Amino acid sequence: MSIAWFKYSSPMTFYGLAGHLAPWFGWGAAILAVIGLYIGFFVAPTDFQQGEAYRVIFIHVPAAWMSMFIYLVMAFWSAVGLAWNTRLSFMMARALAPTGALFAFLSLWTGAFWGKPMWGAWWVWDARLTSALILFFLYVGIMALWAAIDDRRRGDRAGALLILVGAINVPIIYFSVKWWNTLHQGASISLTKAPSMASIMLTGMLIMAFAAWFYSIAVALVRVRGIILERERQTEWVKVLLEQRS
Amino acid sequence: MTAMASAYDTPSADDSFAPMRFLGTVIRRDVLLAARRRGDWLTSQFFFVMVVSMFPLGIGPEPEILRMIGPGVVWVAALLASLLSLPRLFAEDFRDGSLEQMLLSPEPTVLVTLGKALAHWCIYGIPLLIITPVLGIQFSLPAEAIGVLVLSLLIGTPILSLLGSVGAALTLGLRGGGVLLTLLILPLYVPALIFGAGAVDGALSGVGYSAHLSLLAAFLVLTLMVAPWVAAAALRVSLE
Amino acid sequence: MLDVSVLLSVHDLACARGERTLFTDMSFGLKGGQLLLVRGGNGRGKTSLLRLLCGLATPLAGEVRWRGESIRSARDAYHREMTYVGHVNGVKDDLTPLENLRMAAAIADRPLDEAHALDTLRTLGLERCLDLPARVLSFGQRRRVALSGLVVAGALLWILDEPLTGLDVHGVALVESLLRAQVGRGGAVVMTTHQPLALDGIDIVPLVVGELSPAPGGQ
Amino acid sequence: MTAMASAYDTPSADDSFAPMRFLGTVIRRDVLLAARRRGDWLTSQFFFVMVVSMFPLGIGPEPEILRMIGPGVVWVAALLASLLSLPRLFAEDFRDGSLEQMLLSPEPTVLVTLGKALAHWCIYGIPLLIITPVLGIQFSLPAEAIGVLVLSLLIGTPILSLLGSVGAALTLGLRGGGVLLTLLILPLYVPALIFGAGAVDGALSGVGYSAHLSLLAAFLVLTLMVAPWVAAAALRVSLE
Amino acid sequence: MLDVSVLLSVHDLACARGERTLFTDMSFGLKGGQLLLVRGGNGRGKTSLLRLLCGLATPLAGEVRWRGESIRSARDAYHREMTYVGHVNGVKDDLTPLENLRMAAAIADRPLDEAHALDTLRTLGLERCLDLPARVLSFGQRRRVALSGLVVAGALLWILDEPLTGLDVHGVALVESLLRAQVGRGGAVVMTTHQPLALDGIDIVPLVVGELSPAPGGQ
């Protein structure tokens, strides 16, 4: 077990492994998404309170979950990278960030889309919405920091430090925002508690959640392959590989 | 001497397009330098978004209050965004010696300051206009008010860049320059702020906004005619 | 007095920095094909003099003239024929060497012959650094970028403040040959340096700055 | 070797007060340097006052609204004022090479970052506390709320300096540093902003403020324990 | 291998900047009383090497040791006995020369003998600049302030990156005598320079950086 671990933590072997795995996850994501969307849009019944608009939930909720989960994974890889100086961990963190930001944006976008018919407003300063917005800002900050640093060793480490500080802060932000909102209460609207969901809806949502998972993994693998190639381009094996391709 | 003169083909100085070309060069140069850092362009927008988003966190989530303060907050944030990015307008070129080289150009210095102010507007002002509607939605402003807000910023942000270039030129040399920038420039910004935010308030309350906007436009024309010259003079003084 | 071949002339120039008078009553004339070598210990006022000559600073008294006209009134024409390289390079950190040259030419309102610019960079030993941003270059390499700009500009008058700082022996030899070529072509050079230079065969006008009072820095 | 060792009286390293002394040195150094350039030092205070004063101009003079938004505006302004002064925290020492010298000191780097953050608080945070009561009066806040406002800033501003030092270290030497810094740090400031402004709102509405203040204090302790180490690591990374 | 008199030793050191490997397998030892003269054209990696020796950068491979211990683990002790003067001076613009020395000493956690510091500044020719803030000093004078700090620190190991840049002839002679004194006292020096230096009688360890691959910059 441990031997395999070390074997695959070398960029060269991981490059091959990722190449094998990525298509599987990609196809898995596509199939699951088709099934999930079919259930969401055709099988699931119209909600008697919310009408058809509620169907956004099949994208909105998985996206919101993924945006938070990916941040945790990035924090994990950053910690590993800083502690053991493993090159691959930093690459993983970099490969994940755009997907995380995408999901955070997607949850904001679909949420706003949903909010208009539900609350009559695109945006309210609800605790959950606000903390989702701040999470998105964190993603953007991390990517901006990477973009600003040319030197990749410096970029890796600086980004990892920021991700870790953010990871400590995210729960604190979440609770502070929550409390902020409840104390202010006065507001006329608040996020309605999710109506007890029909089981078919739950199924659809879970399938979509898995589709999001598979998609994230597939995209991360593809991206990490690109990063590996770019970073190891002066090594022998990449030169050989590139020659073979052309 | 004739032999020597032929060895150097001195570019002809009587080219009437030269000033425009030079102005374009200065603008392109700064935009290129900003584009070199991919982050820069997006970063300035997000800075603006974040400053605006901080206010509800400090003030509370009630939509009626937020709608009331929205235009003011967006305007103040635009003002701060320009203020924060301004110190770098000349400072980096000063430090690495390329500002000296620009002053040694045969073209008049006023084109340098005008060009840099316009470049600043392209980099910081335009993205801000694009992002503003989203923020208006966050503050639940009605569509018409959002339109007026964007329009007021379209006229107002060049004023901020132009006035700011004067402040940045002064800051460059003087030791207490930091204070001067804030002290001189923020009060000068006040009319822009009042007309700009006032126009949106007028749209919100139904009083009308065209008077405010025309005043803002007049202020822009005035600034455009005065600021680059003052900035050029300040620059020469600062570099002595 | 009005000798047409005199390009740059200085009349009773005086310079003060803060409360200290660095020099007074300085006068000289420089013709095409001559090199004015400004000497003087640290802190004597060489840099201050060069900035006066460029028009970046205003003299306490006296005047600098270009082809007989005050550089204040003939600013345009003067700047068109002059290039200055100071203690700081004027090299943008975020641009590659070639982009730096391009910028410098655009700012000086001169056309840039790209092929010639590339050649110059190569001659100055920057071949391997062509796609690196200047921020990662070494101290001497950044200096070489600045000097390439000088060559590419092809100005009549060069004003150089310690062009040799940070250059290795090959770099110094290169600068010597550049100076020789510039003077040979009928151009004029004003420069300072503390290092020995092999300039034999060049028409050198020596100038020692700041002998008047025992200046600070170099005793 | 013995002869050589005697030629150099190596300072004894086993002095248990050395870290405290060194911390004091770093703080004193920065405060002295700030005192030399009073201009820069006053900038953030002026900025603070002006941002706060600009709101009534952008929003309108109704006292009830002003009272409602007052605490939030003061807090956001404090936050922006700290952001304005943060890019310079390490940048100047970096440019002139003295930051390298500080990292080469035998004392641990974390003392450098802690010291510089504390010095930043002394220079920018403390004066801000002194000005705040006046601004509170401008927004017609009652006396008790002003007291709570100052108290919340007393606990909150060190957080801003400490977290800010992390951002400043991460963005050291990067183009667009100031704006990038904002982008990284503003989200992290959120809890301080919410607890701080929340405490004053609690005082205003009679709900009470002690819970908010204790949370703010807890956040301060956490920051104090984490931020200097992260900033030190970031500094080493940035200087590589 | 474990020769106690070897102060600084380097074992199989390799350094990369960006994608370029500057040198590999560098090994040497430096004893008290020796001067390591690092040579190499512009951009060969001299500054990079010196920063590795200081511990400001981390090597790609290999190790730097101080008295036989890795400088990572013996950081405190090493920094207490070492002083570095780089391309940039570490001189604060707003402080006078003496205040600068005071700061430098406090930061390095060393006591400062004010009388000695004043003497040193005078010896280095800064007598007339004692109450000027460093910002108005000339290029060479600022360099002299940095060198005064070096002398006052009295460290066992000096690491100097082109200490002669901007110094006039007297300045160069001064640095030569400082080096002689340091080595004579049993101290060690690591330095780079492109200028000729009269170091006869000093035990010089020569080192040429970056011969492996034809490096950029200096051909």
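Labels A, B, C, D and E are assigned to the chains in the order they are written; within every chain, residues are numbered from 1.
Keep this in mind: a residue touches a chain if its C-beta (ideal position, glycine included) is under 8 Å from a C-beta of that chain, and two chains touch if they have at least 3 such contacts.
Being a predicted model, the structure only gives us computed values, none of them experimental.
Asks: If every step must land on a chain the current one touches, say how few steps get you from chain B to chain E.
Replies: Minimum step count, chain B to chain E: 2.
Asks: Hey, which chain ends up farthest from chain A, C-alpha centres compared?
Replies: It is C whose centre lies farthest from that of chain A.
Asks: Would you mind telling me which chain pair, D-E or A-D, is linked by more contacting C-beta pairs?
Replies: More contacting C-beta pairs are found at D-E.
Asks: Using Cα averages as centroids, what's the distance between chain A and chain D in whole Å?
Replies: Computed from C-alpha means, the inter-chain centre distance equals 32 Å.
Asks: In whole angstrom, how far does the Cα centroid of chain C sit from the Cα centroid of chain D?
Replies: That pair's centroid distance is 45 Å.
Asks: Compute the distance, rounded to whole Å, between the mean C-alpha positions of chain A and chain B.
Replies: From the centre of chain A to the centre of chain B is 36 Å.
Asks: Please set out, as single numbers or ranges, the residues of chain A touching at least two other chains.
Replies: Within chain A, the residues that touch at least two other chains are 137, 140-141, 144-145, 148, 151, 177, 180, 184.
Asks: Counting only residues that touch at least two other chains, what does the list for chain E look like?
Replies: Counting only residues that touch two or more other chains, chain E contributes 18, 87.
Asks: Residues touching two or more other chains, restricted to chain B: which are they?
Replies: Those would be 36-37, 39, 43, 46, 50, 57, 60, 95.
Asks: Enumerate the contact residues on chain E facing chain D in the complex.
Replies: Counting only chain E, the residues touching chain D are 4-5, 32, 54-58, 75-77, 79-84, 86-95, 103-104, 106-111, 133, 154-156, 185-187.
Asks: Within the complex, which stretch of chain D touches chain B?
Replies: Checking each residue of chain D against chain B gives 37-40, 42-43, 46-47, 50-51, 54-55, 57-60, 65, 68-69, 71-73, 75-76, 79-80, 83-84, 95, 174-176, 178-180, 182-183, 186-187, 189-190, 193-194, 197, 201.
Asks: Taking the complex as given, what residues does chain E use to touch chain C?
Replies: Going by the criterion above, the answer is residues 17-18, 40-44, 46-47, 87, 125-129, 132, 136-141, 143-144, 162, 165-172, 194-195, 215-219.
Asks: Across the complex, what residues on chain B touch chain C?
Replies: Residue list for chain B touching chain C: 1, 3-4, 7-8, 10-11, 13, 18, 21-22, 25-26, 28-29, 32-33, 36-37, 95-98, 100-107, 239-240.
Asks: Which residues, counting only chain D, touch chain A once they are in their complex?
Replies: 166, 170-171, 174-176, 180, 183-184, 186-188, 190-191, 194-195, 198, 201-202, 207, 215, 219, 222, 226-227, 230, 233-234, 237-238, 240
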